[in-house]
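First chain written, first letter: the chains are A, B, C and D, and each begins at residue 1.
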């Protein structure tokens, strides 16, 4: 078993890391870092566990450390669910000290030498890691995208073959994406909030291009698709839904697009990684799917569900895509990244 | 006081008619028509009143009649909230018998000689009524649009001056739009349904063009804007939200667009109709508005709230629009239509 | 018009004060106190207005002061929606400085010389105010009960005549009762929390007895009813529901109990106070009422709705009671208290 | 593998049977009965699958038969999730024809010769089956209780040793308990309905006594506890919560009660039945638990969670109990019954 640490262990993403790693065949959580307020406490006392799956007993007993103090002391492999207000500095210090940081935070995502990874889509972008040596780091940082971008980029990836030109997305995002305490219930019960802070729309309009881009001579050349994003928060626990339209240079018929989604496979499926879903993108034929309450947990929350493909009078096609935002869109994404890195001999 | 009848009086829209007319200065409900199951009962016993505002005592005591039996017997002015499965035949029979039918049903909306009316936008389309004489009717039928279209067309109307070319909308629609019993709670609690039956998207993609169109020589010439609609249902009681993008031939700056919305006035404001909101479209400057829970009831639910205007990388601008779907989008819309007709001497 | 100040003006209860006083015939808001963070700002900028009713323009322009600094400077009549962590000290200082404090906070409720008032129930308890002179205060403090207690004590008040012995209540409380940001949406969406902090159950089990008690020789003698409370939070915006059982010495038949509720009138009705509901307690005969979504706003949210009276195999009767927690249970309660004080010549 | 049939296969409980039996080690679904409307269709087409877990492919292909036609043709063991409007006649006919009916319907529950079974509580009541021979049946009927009663009776069972005298329960019930389409969303979104039809309170006040009763000379002698129930519906997907109070003859201290719950084991644990939870009742020490969103799925939804034990000023103790209403309270309950019957040699 490979020992792993978790930065930001008490937060929503940190808890999801612990839940998903509870029975992982390769990784075992042995170190937990959080804010000074939690340091010195047993995890059971430091964290208010808020997930339906039980807190694993061995993790419950671990003593939480002050996050920055773990650089050089924590296991080599460290997952980070740190808040972006502190992630930049702490993750950098850990990488400097030799750790392999697999981060869900946004701070390093758009750096030219940092892989912004969805293993099913751009596993080869891992090669960017070499360039991080010039930072003087003995460790490395790998990132996964924003929780909407994971869903969106996966749904778009198989459409690149048709000449993906432009795309619009209106997202309907679950409350778990805002962490804890996150969205006050007074704001969202029976309501829609047509805004999400932290530059959510800008992230979607830039991260997508990097992920769908091509590695050339050790550099990622962004995909040229023009993206327009409008984000909303809805009273849903888990599962981000996207209402998406695309313009394609070629004019495939709908069957070709559905076939492109259903037949799509990537490196995680090829390597049979433990967290990889057997079919990363599933097209649902029922007229009213996908739905977060019914489809977000498909294959442990790692599958993207797509449906309602139809002609668009303005662009070419419209469809709906859905994924689990704290699993495929956060903790599960990072774990899949680490699994790929392990199989590629990078850990 | 002008006596009015209500077709489909026991349904959700029928109840909303009764609630909104409870203190109306011109109209008094004196006749109620519903299905045979309700006929002969006092309204209090026939309808399961489901609105927070109290059932007016005088309406509670009215005896409900079988809807078709009212043709020729009901008051001249009749509001219709009939289900579209029966509205076509019954409304036609009433018009034949001399009634002025102000209908919320979809059956006659797209007929060339039937006004599809938002008085703030296309009051002059009332002139279509003349052509109905050739049907052999002594009465007339006037319709209001689909509940999303009211919100959408009002938000687009002031943009026509900038050369409105194309527009996309993803709607987040409240459950009250589905009537009663409507959406099962198991389907929508903590969930999103990315589909609404009955050709909802098609209605948005066609009714909008008729409403925004121009009356020429007694005929409506549709507006050429190309519309693409994607509809979703969300767990919200009242208030349809639209995430909207537009392409405009001219390239106005954002201030010009906001000014166009805020300064927009129509016939209802000019005539100071009882149900007319003072400012039909209000632009909210807060970054996270409009929201259904906070903004749907503005000015009695008759105002359209708009917000979040920003550049769109694919079309030209993106924004959010919101309106109360059973008031501005249904019963209130029909009442405003009737008020206009009264002031135009058509009743 | 009587000028009034509001302590805790930016919080949920403070906002409700402002909304309810917007068109009050006697009281006009001219002073706002909040925490140091808000001091010096226009109210519009200091408070994130979260109510569906519009923020009155004249209040929006008022400059907020640091709360403690208002003692002696604010108007004589001051409503307090302060958090209990600071209310004790600040309200005391204001009373010392000559203000009439009408408080929603819990700090002084159980003091022997402080009226814990529901004007419909125990208006005569106002006489306790005389005793506050011995504190050396030139002003006075009057309190209203906890938001569940208002509903509960009003429903019990007419039952005292039947020899009220014991009572049990399980409450289903709305999220607005927790203030803002209050309950995180992750905790309550599609969920029930069988606990409310701050000694909620203890408050119900003690405040009820004081309110229902009898003023004798200038002292309140608590009512002897034994109360047991179990509280829960449910995903409802406004309206606390109580599932209540009572044991009565006499054995009235159900009609006598319903008549006792429906015929109940108090001082506010006698004096026709502006905020007084015409019938403070309304018994609903439908088998599935009262419901918060349909009944909380009855008569401006000031009426208590009762229903489902039936025999209890353990005690004598069971029933359901409901009231609007931030209106009848907080801001509206305090305003009614002030109206009574004004008419009693105490302001 | 033992072949099993399902009566009422397309309903909510029927779907839950199929989901729970998908990987059952002993039982394999080979026959499906539903209404005439579904007869002749593949299950995939007959049922609108509404559960998050996938519809098993082999069941999806089964052809549905008209329920009554299965008597004598279906497998010997048949689970019934029939609506009570038809369950009486159809289940009787099946028992007559030699089937072992394991029913979730209420029709036979209170018959003197029909076991009303919670295997963890009253496994010995199975002996009642002998008496059914006098009905002329070659088969038998076994029932599980109402979904609230399962939770309630399990929480009370370990308290019988302390002299359980009286008990009151206010339930907060999930919408899934009403089946599909069940509760309209307009009625329950952001609301509480203090009523559930079909005699819900009466069922709780009678079934509980039979389950907790003692088998003497082949007859169940009801437990003498006096029960009072008040039921409510809340906007929760799954999980019925009970706010419960009890009077006990002996006066155990809280630790003794908690120990009685945590140490409670029954026949399913002794026999290690496949669906049996290892610890049927778990006491949670956190002050705000159990909660449906966090605790309903404990051990596959078969564990009852209890918490918040505290003194009651009116009776002796108050506490909160929770269980999954469509698993432990319906389909899972019936499956556990069948597992017990199999191990007892009754199939």
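Basically, a contact is a pair of C-beta atoms (placed from the backbone, for glycine too) under 8 Å apart; a residue touches a chain by one contact, two chains touch by 3 or more.
Quick caveat, the model's predicted, so the values are computed rather than measured.
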Contact-richer chain pair (by C-beta pairs counted) among A-C and C-D: C-D
Distance-maximising chain from chain D - centres being C-alpha averages: B
Inter-centroid spacing, chain D versus chain C (mean Cα positions, whole Å): 42
Intercentroid distance (Cα basis), chain C paired with chain A, Å: 47
Sequence positions of chain A contacting 2 or more other chains: 50, 189-190, 235, 237, 293-294
Chain C residues within the chain B interface of the complex: 50-52, 54, 189-190, 237, 293-295, 297-298
Contact footprint of chain C on chain A as seen in their complex: 12, 50, 175-176, 180-190, 235, 237
Touching residues on chain C, where the partner in the complex is chain D: 166-168, 170, 172, 189-195, 205, 226-228, 230, 232, 234-237, 239, 241, 243, 245, 287-294, 307-308, 312-315, 318, 320
